[in-house]
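Sending over a structure as C-alpha cells; questions will come in a sec.
Chain naming follows the written order as A, B, C, D and E, and within any one chain the residues start at number 1.
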Amino acid sequence: MNYALASLAIPFTVALLTLLLQRRSEANPIVPAITVLATAVSLVFAGLALETQAVSGAVSHLNVGGWDSPLAIRLRLTPLKALLLGFVALIHLLTGLYAWRAKPKIARDYWPLSALLHTSLAALILSADIFNLYVTLELLSLSAVALVCLSGPKAYTPALYYLLLSLGASLCYLMGVAVIYGQYGVLDMTVLAGIMEADHSTRFALLLMTAGLMLKGALWPLHLWLPEAHTYAPTPVSALLSGLVVKGPLFILWQLWNNLAPEALAREMGPLFAAGGVVALVSGGWSAFRAPFIKTLVAYSTVAQLGYALMGLGLLLFLQERIYAVALWLFVLAHGLAKVSMFLAAGEMQTLLGSKRVTAMRGATQTIPITMSAFAIAGISLIGMPPTGGFLAKWSLLEPLFTQANHWPWASGVLLGTFVSAAYVFRAIALGFYQAPMSREPRHFDRVSQWLALLPALLVGLMAFAGQDLIAWMAGVTQT
Amino acid sequence: MNWTNALPVVAVFSSLLPGLLIFALREQQQGLRTGLNLLGVTVKLIVVGVMLWGVSQGLDFRVEAPFLPGGALILHGDALSLQFVSLSAVLWMATTIYAIGYLRGTPLQSRFFGYFSICVSATVGVALAGNLITFLLFYELLTLATYPLVVHRGTREALDAGRSYLAYTVAGGTLLLMGIAVLHALSGSPQFVPGGYLASVPARHGPALTVAFALLITGLGVKAALIPLHGWLPKAMVAPTPVSALLHAVAVVKAGAFGIVRVIYDVYGAETLEQLDLTAPLIAVAAFTVIFASLRALQQRHLKRRLAYSTVSQLSYIVLGAALLGPIAAVGGLVHLIHQGIMKITLFFCAGAFEKTLGVHRISEMDGIGRRMPLTMSAFTVGALGMTGIPPTAGFISKWFLAAGGLEVGQPWVVWLFVVSGLLNAAYFLPLVYRGWFSIPTAEWPEDHQPESGWETRRMLLLPTLFTALLTLLMGLLAGSALGPLGWSQLIVAREFPL
Amino acid sequence: MSPELLYLVVGATIWAVGLGGLLLVHHMLRRVIAVNLMGSGVFLVLVALAARSSPPDPVLQALVVTGLVVAISATAFAVRLASARAQHSSGTPEVERPGGDES
Amino acid sequence: MNGTVNGVVNADLWLNVLLAPLAGIVVLLVVGRKSVPWLWLSCVPALLAAIWPPGELNPGYLWPAASWGAPDPLARGWLGFTALLWGCATAGAAGIVDWDKSGMRFWLFWLFSLSGNLLLVIGKDAISFYMGFTIMSIAAYGLVVHHGGPGPRRAGRIYLQLAITGEMILLAAFVMRAQSVGGSLALADWQQLPIDGFTLAALVLGFGLKIGFWPLHVWLPLAHPAAPSPASAVLSGAMIEAGILGLWRALPADDSLLQSWAGPLLALGLFSAFYGVLLGLITSQVKAALAYSSVSQMGYFLVILALAWRHPEQSSAFAILLVLFAAHHGIAKGALFLGTSIHPLHRWTWLVYLLPALAISGLPLTSGGAVKGDLKHWISESDFSHLSGVFKLATAGTTLLLARALWLLRRADAGTTARHRSGLLLGPWTLLCLSVVLVPLLWPGFREVWIEQLSWSTTWQLLWPMAAAIALTGFAIKMEWRVPEPLRRWYTPVLPFSLRLKRWLYNPPLPRTHLELDWRWWRQQERRWNHFWNERGIISSSGWLLGFILLAGVIWSAFW
Amino acid sequence: MVDLAIGLILVALAIGALLSSTLFGSLTLFFAFGMLMAVAWARLHAPDLALAEAAIGAGLTGALLFNALNKSPPEVIKERLRHPLSVALVCAAILALLVVSLLPSLDQVSPLPPMVGPRMDASGVDYPVTAVLLNFRGWDTLLEIAVLLLALLGVKVLLPTHTPAPQPWSLLLGWSKTLAPVIVVVGGYLLWRGSRGAGGAFQAGALLAAGAVMLRLNHVLPEIRWSQLLLRISVLIGLATFLTVAIATASFGDGWLTYPSAYSKALILAIETTATISIAATLTLLVEGEGDELQS
C-alpha cells in the first residue's frame, strides 16, 4: 500500500513544487524534467505495488487516519488497481515526454496541472469510499477542464460545457450518494457491498450515480461534450483526456456495479449497458467517419471505443462471467495506449501539415511517415486486428460469447463495431496514401517527437504477442 | 530449438527483415535495396528448398509460441503449407526482379519494396500457419500490407480501389475472426490435422459448426473472390503491375483459396463436412463464380481488368476442387493453386511489359503487338492457353484432374462446367492472342520507350516473364515427375485421405 | 410533518429544479446558477438527513462543508471561464456543431 | 512384325520423333530463313520410326501415364503416311510461303502443328493423344489465318470456334471415358472396356468437329480456300483424319452399344459422301471443291467405322482397311491441295496432277483402286450388303466432283499471274503424286490388298462409274453448263451464326450488379440529424438524455 | 409552519432565479436564495454550516456572479424556453422517484454518529464536525483543498479579461477600511472556535476572503503578482502542510494521515491555520484575481 501511496504522493508533491518554482513569467526549463522524472519514479512505485500485490494476490486496505472501518475513509489496493496506477503513470510518462519535446512549447501550467491530474486519478483509483470518490471526481474534472483551457480562447466554449456538465453529473452522483447514505448510513464500499439490497431506493441511487458517471465518462449517449473538448485541447492533453480521464468514471462505474450492486440489479442493468455499448460503437464510429478534423475524428473514436468497454461491462453484469472483466480492462489498456499515440500523431500532423482538417493528411505517408505509422498502428489496434492489443481485447470479449448460442447476437454488435471502426480509421489512413502535394520536409520537423508518438502505438501494436500470459494474468488481477 | 524448428521462422523473417530494413532506406539507395531484396529471396529459396526436401523425407518443421489462451502461435511446415510456400518463394523472386525493372525511375520505391516484402512474409506466414489463430494473424497482416501496394500510385482511382479493397477484406477478416472465435469456443485452436480436428466435437454442436463454416468461408471467400464477394479484385487493377501480379497469383487471392482448403481438409475434414452436408452451397457458389466471372471477363475492354475477372473465375476452380471432397478433385484443386499462380503471373507480367514498353492498356491497342514484342507475346500466348486449359500447358493438367474428380464423387455436371468454362476462357483469351499475332497495328509504336538496344523491353521485365512462361509449359509437360506440383499435390492428398 | 421530511422534499425539489434549469436555460450564468441550485438541493438533503438523528450527524455535516468548498471552487472556475469565453471567443468555434448555446 | 529391327533401334527414337520438329523450331529461331529448305528433315525420324518401329517408350517424367509407341500396323501405317505427307508438304511449303510475309510465324505454327500431329499418332495414352490433338488443332489456326484479310479471318474464326468446342467436348469425353474404365489412361484399356452412350455421343461429336462429316463440316470449305495450300494439304490429308484415329482408339472394339449405333453412323457417312459431292459441284473455288471432296471422303471413313462396329469379330481387318484408306486419302488429297499452288500448269504437270485425282476416284492400280475395292468387298460381305449399289453412285459422284475441281483449277491457273514452280515445290509434290502408286507397292500391308483387288471384276466395277462420270463431264463442258444462279449463292447459316456468337461473346447480356444509392438523400438525412442536435446545444441535449436515462432505467427495472 | 414557508419560498426563489426575465434579477434572487438556505440550515441544527453557506454560498458566489455580470456583455437574446412543459414533466417524474427513494431513509439510522462520540478524545479537537473534517475524514479535506487549488490554477490558465474595474464606491471605501480589521479578527476567532464549536478553517477562510475581496474592490490592497513568492506560498502552504503531514505520518508514523495522539492537536492546529491562509488567499484570487496578475 505504501508503494501505491508513494505513486500518488510523488506527482502531488511535484505539482506543488513546480507551482512554487514559477518565479518568472517564462517557463522554467527544470520543471518538465522534474515532472517527467517524478512520473517515472511514480511508475516505478506503481510497478512495485503491482508486484507486491500480484505476488501476494491479496487485497490490502488502509483506513486513513487509522480509524476503524465504517467511520474512516478506506483506501483499497487490489492487483487491478495497482495495474491501473501503473497504467496511469505510464501514460503520463509517455505524454510528458512528448510534451517536453513538443513544438511549439506547451504552456508552463501544463506541468503542475498534469501532475495534479495524475494525483487525482491515483486517488480515484485507490479510494473505496463513495463520497471520497466524489471529491476525486471533481478533482479530476477540474484538472481536466483547466488543461483543456491551456490551448486558449478557442477551447473556452468546449471547456465550459465540459465543466458545467461535469458539475451537473457530480451532483447527480452526489445525490445518489445521499440516497445511499440515507438508506445504509455508511460510505465505505467494502461495507456497502455486503449490505446493499435490491430495493427501490438502492436502484434509484445507483441509477443516479450511473447517470452522473456516464456523463463524466462520456459513455454513450452522454458523450456530447467530449468531441469538442478533446478536439480543442492541446495535443498532450487530448491524449491524457482520451487515454485516462474518461476511464476514471468508468472505473468507478465498474466498481459500483460489479462490487457494490446486488446481483439482481446488476443483471437487470447489464443488457442496457451492453446495448448502449453497441449503439455507441456504431454512432460514435459513424460520427468519426464523418468528422472533418483529425482530432475530432480521434475524439469520436474514443466515444466509439468506450462502447466496447461499456459492452464488456454490460455483459459482465448480465452474464456474470469473469472473462468479460478481463475484456473490459484489456480494452481500457489497449485503448489508452492507442489513443495516446493517435492523439499525439494527430497533434503532430496538425503542426506539421499546418491544417487540422482530415483532408490535410493527403500524402502524409510520404511527408511524415513515422507519424503516419503511429496513427495507422494505433488505428489498427482500435479496429482490433491482430496482433494488436485491441485484437486481444476484442478476442476476449468475443470468444466467450460463442460458448452459448443465445449469446451470439451480442457478437454481431462487436462485428458492427469493427466495421465502423475500420471505416473511420482507414478513411484517414487512405488519405495518407495520396500522392503528396509537395515533397519537401515540413516545418518543425522533429524526428524525436514523432518517435515518441509512435512508441505507445508500438507497445499496443505488439501487445497480443503476450496475449496468453496477459489474459491469464488479467483474469487473476480482476478477480477482486 | 534445433534447426528444424528454426526453419519456418527463417522462412517468414527472410522477407520480413529486409522489408523493415528497406523502409529505413533513402530513395536513392537503389543498389542496397536491390541487394537486400535479392538476399531475402535467396535465403527464402534455400530455406524452402531444404524444407521441401525435409518434408518429403518425413521431417517435421514446427515451432510454437504462446499467444492466446488455448491458441498458441504455431508455424508448421507440412506438405500442404509447403505447396503454397514454394509458390510464394518462387514467384516472389520473379516478381521482385520484375518490380525492380518495372519501377525504375519512379518515386517511393523504398515504401513499395518494404510493403512488398512484408506482404510476402505475411503470405508465407499464412501458408505456414499451424492453426487458425496464427492463420488469422498473418491473414490480417496480409490485408494491411497489401493496401499500400494497391494504392501505391496515389491517384484518386487508386485510392478508390484501395477503399473498395479494404471494405471487402476487412469485413471478410472480421467474419473470419468470428468464425474462428466460434470454433475456438468449441474446441480451442489446436494444430491443423489432416482429416480435420473437429470430428471429436459432439454432434449437438452441429448448428454452431455450420455457422462457423459459413462465417469462415464467407470471410475467406472475400479474398478468394467468390462471387458476390469479388468486387474489390477488378478494381485493384489500378495498382502497379507487379502488385497486381503478386496479388492475383500468390498473395491475396491465394491466401483466401488456401484458407478454404485448410478449413475444409484440416479443420473440418471431409467426413465431418459430409455428415453436416455443408459443401453443397459452397460448390454451387464456386460453380456459379466460374461461369459468371468468365462472362464478366468477356465484357472487359481493359486488359488487366479482363485478367482480373479471369482470376475470379479460376480461383473458384481451386475452391471447387477442394469442396468436392474427393481425392482426385483435391489433387486438381491443389495443383491448380500452383498452376493458376504461375500462369496468371505470366499474363500480368506481359500486361505490365506491354504497358511499360508501349503504353498499351486496352485490348484494342494490342493489335499486332506480337511483331513488336514477340517474346513477351509468346509468353502471353502460353499463359492464355494455359488459362484455357489447352495442353501441353499446366492448366490442362489441373482441369483434367478437376473434371475427373467431379466424376469420381458422382457429380458429372462438373465435367460440363469445365467444358463451358473452357469455352468462355477461350472466348476471352484467344481474341487477344489473335490480335497480338495476326492483326495489323493501327499506328506506329512509340519508340522512346525502348530502354536497352537489342531487347524488346527492359531485360528485368522480360526475363521473369519468360521464366514463368517456361514454368507453365514445364509444369504441363513434366507433370508426371514426383517433385512437380502434381506429384506434391498427390503427396498431400495421400496424407489427407488415408486409404 | 417533521422539518426533516419537509426539507428533504424541498432539497430534492430544488435539485430537480436545478436539473430542469440545466435543460431549459441557455445563458451561461443562469446555467451556473442551475448547477448551484442542484448543489444546494443535495446539500439540503444531506443536512436534512443529518438532522434525523440527535445530535445531528457530524459526518454528514462535514460532508456538506467539503461539498460546499468543492462547489464554490467549481462555480468560481465556471464563472470566470464563462466571462473569459464571452470576452475572447466572439465567434463560434470552428466545429461542425456550432452549438445552440448562446452567452 | 517389327521383330527384326527392334533390337537395333532404341526406344528413344520415339522421343526423337517429337524432338525433331521442336529442334526445327529452335533452328528456325536461331538460323532464320536459311533453315527453311531443310525443315522437312524434321519428319524423317517419324518416317524411320514407322519403318523400323522400336518398342514402346514410357517417359514417366512427363505427364502421368505417358506412353509412346506404334504397337500395331494401324499405328505404324498411320505414322508413316502422316510423316510422308507432312514431309512433302513441308518441303513444298518451303517453295510457296513467302518468308517476308510473316514467314517465321507460319513456320512456327507449322512445326507446332506437326509435332502435335506426330504426338497424337504415337501416343498410346489418352493424355498424349489429347495433347497432340489439341496442339495440332490450335496451331493449325495459325495456318488457316496466315494470309490475313477478311476471308481468312472469318474462316479462322469459325475454325477456332469449332475446334475449341471440339477440344472441350473431347476433354469431357476423355475424362468420362477414363473414369468409366477405372481411371486408366492407356488407350489399349479403352479399347477393351465397354462405353456408355453419353460418352460415345460426346466422343463422336468432339471428333466429328475435327473430322468434318455432315453436319459438322462447316469449317472445312471455309478454311481450306483461306489457308496456304500446304496447310490445306496437311489439314485435309492428316489432321482431319486424326479424328478418325481418335474415334478408333477411344472406343472399345467389341461393344453392343456400338453395334446398335452402326446403322445410323453408316447412314450419316453415306449422306455425308453425297452431300459433299453435291455441294462441291456448285462451288466455284478449287480448294472449296477439294474440301467438299474431303467431306465426301470422310463419309467413307464413317462407313468403315460403322462396318467395324457392326462386325467386331473382324476388327483387325477393318483396322487395316482404315489405315490404308487414310493413307490413300491423305496422300492423294495432300497432293491435290499442294498442287493448287503450282502455276503455270504445264502438260506434264497436268498428267502428274491427274494421278491423285483419279486415285481418289478409285482408279484401279492406284491406292484408291485398292482401298475402294477392298471397301466394296467388305460391304458386300457385311450386314449392309444391300447398299452396294449406292457406292457405285458415290464413285461416280466423286469422279464428277474431282473433274469439276480440275476444271476450276484450270480456270484459276489461266487467271493468275503468280509463279510457283521452284524445285522445292515441284519435287516433293511429284513425289506425293507418285506415292499413290508407289506406296501400295512399297508398303507390304498395302501391297497385299492391292494385289487382292487386281481382279477384272473389281476393276470393272470401279471403272464404269468413273467412265460414266467422265463422259458426263465432257458432255457438260461441251454444253457449257453453268451452275444455276440460285445454287451459287448457297446460303449457309453458319457464318451469320458465328458472327452473332462472336458479338454475343463480346458483350454478353449480364444483369447489372451495382447498387445505386441515392447519396444526396442520405446526405440530407444526415444534415437533418446534425441540425436536430445543433439546435439544442450540447448542455441541453445532454441534460435531456440524462433525464431520459434516469427514467428509462426505472422503467426498465420495473418491467424486467 | 415557518419551515413550510421557508421551503416554499426556497423553491420559489430557485425557480425565479432561473427564469427571471433579467440576469440581474436572477442573480439577486439567487443571492436571496443563498441567504434563505443558510437560515434553513440553521433551523436544521447546523449553525456552522449556515455560517459557511452565508459566507461561501451566498456571499462569495454572489460576489463572483455580480462581478461576472459586470464584465459580461449585456444579455441580448431573450431566454427562449423550449418545451417548458416537457421539462417540468420529466423533472417532476424524476423528483417523484427521488422523493420515494429518499423517504424511507428518514427511518434509518446511521452507524456512524455513534462512532464519533467515543473517539472525540483521541481526535485532538472537541467539536465533532471539525474532528470529522480534519481527522476522521482528513483525506477528503486534503483533496478538497486541492480542488480549490485546481480551480485557481484553472482561472490562472485563462487569458485576462481586459475590462476596466468599476470605480470604487466612496462610501464602501470608507466602510471597508473600517471593516477589514474587524473581519480579520472575526476570522481568527472563527478559526480558533472551530476546534470546540461551530466554525473552523473554511468559515474563517471564507470570511477572510470576503474581507479581502471587499478591500480589493476598492483598490485598497496592494497589487499582487503570481511571481511574488509570498503569494505563492500563501496559496500553497495549506496543501503543502497537509501533504507533508500525510507523507510524514506514512513514512515515519502509523500510516497515511494517522496523527500521533500526542501531536494531534498541534498538527490539526497547524493544518487548520495554514489551510485558512491558503483558503483565504485562493478564494480571494478566485473571485477577484485577474489573469495577468496570476500569470506574471
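Here, a residue touches a chain if its C-beta (ideal position, glycine included) is under 8 Å from a C-beta of that chain, and two chains touch if they have at least 3 such contacts.
Given the structure is predicted, the values throughout are model-derived calculations rather than measurements.
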Name, by label, each chain that touches both members of the pair chain A and chain B.
-> D
Name the chain whose C-alpha centroid is farthest from the C-alpha centroid of chain C.
-> D
Starting from the Cα centroid of chain B, hunt down the chain whose centroid lies farthest away.
-> E
Selected pair, greater C-beta contact count between A-E and D-E = A-E
By C-alpha centres, the chain nearest the middle of everything shown is B
Chain-centre distance (mean CA atoms) for chain B and chain D, in whole Å, is 37
Rounded to the nearest Å, the gap separating the Cα centres of chain B and chain C is 66
What whole-number Å value describes the gap between the mean CA coordinates of chain A and chain D?
-> 78
Report, in whole Å, the distance between the mean C-alpha point of chain C and the mean C-alpha point of chain E.
-> 13
Residue ranges of chain B touching at least 2 other chains are none
Which residues does chain A have that touch at least 2 chains other than itself?
-> 71, 131, 135, 138, 142, 145-146, 149, 152-153, 156, 161, 164, 168, 172, 175, 178, 181-182, 204, 208, 228
Two or more other chains in contact with one residue: find those residues in chain E.
-> 82, 90-91, 94, 97-98, 102, 105-106, 109-110, 112, 116, 136-137, 140, 144, 147, 150-151, 154, 158-159
Chain pairs that touch, all of them, please.
-> A-B, A-C, A-D, A-E, B-D, C-D, C-E, D-E
Of chain D, residues touching chain B in the complex | 59-66, 105, 127, 130-131, 134-135, 138, 142, 145, 148, 153, 156, 160, 164-165, 167-169, 171-172, 175-176, 178-179, 183, 505-508, 510, 513
Parts of chain C lying in touch with chain D, wherever the complex brings them together | 19, 22-24, 26, 31, 96-101
State the interface residues of chain A toward chain C in the complex, per the touch definition above.
-> 71, 131, 134-135, 138, 141-142, 145-146, 149, 152-154, 156-161, 163-164, 167-168, 170-172, 174-175, 178, 181-182, 227-228, 231-232, 291-293, 296
Using the touch rule from the top, collect the residues of chain C that touch chain E in their complex.
-> 1-10, 12-21, 23-27, 29-30, 32-34, 36-37, 40, 43-45, 47-66, 68-77, 79-84, 86-88, 102-103
Could you please specify the touching residues of chain D with respect to chain E in the complex?
-> 536, 540, 544, 547-548, 550-551, 554
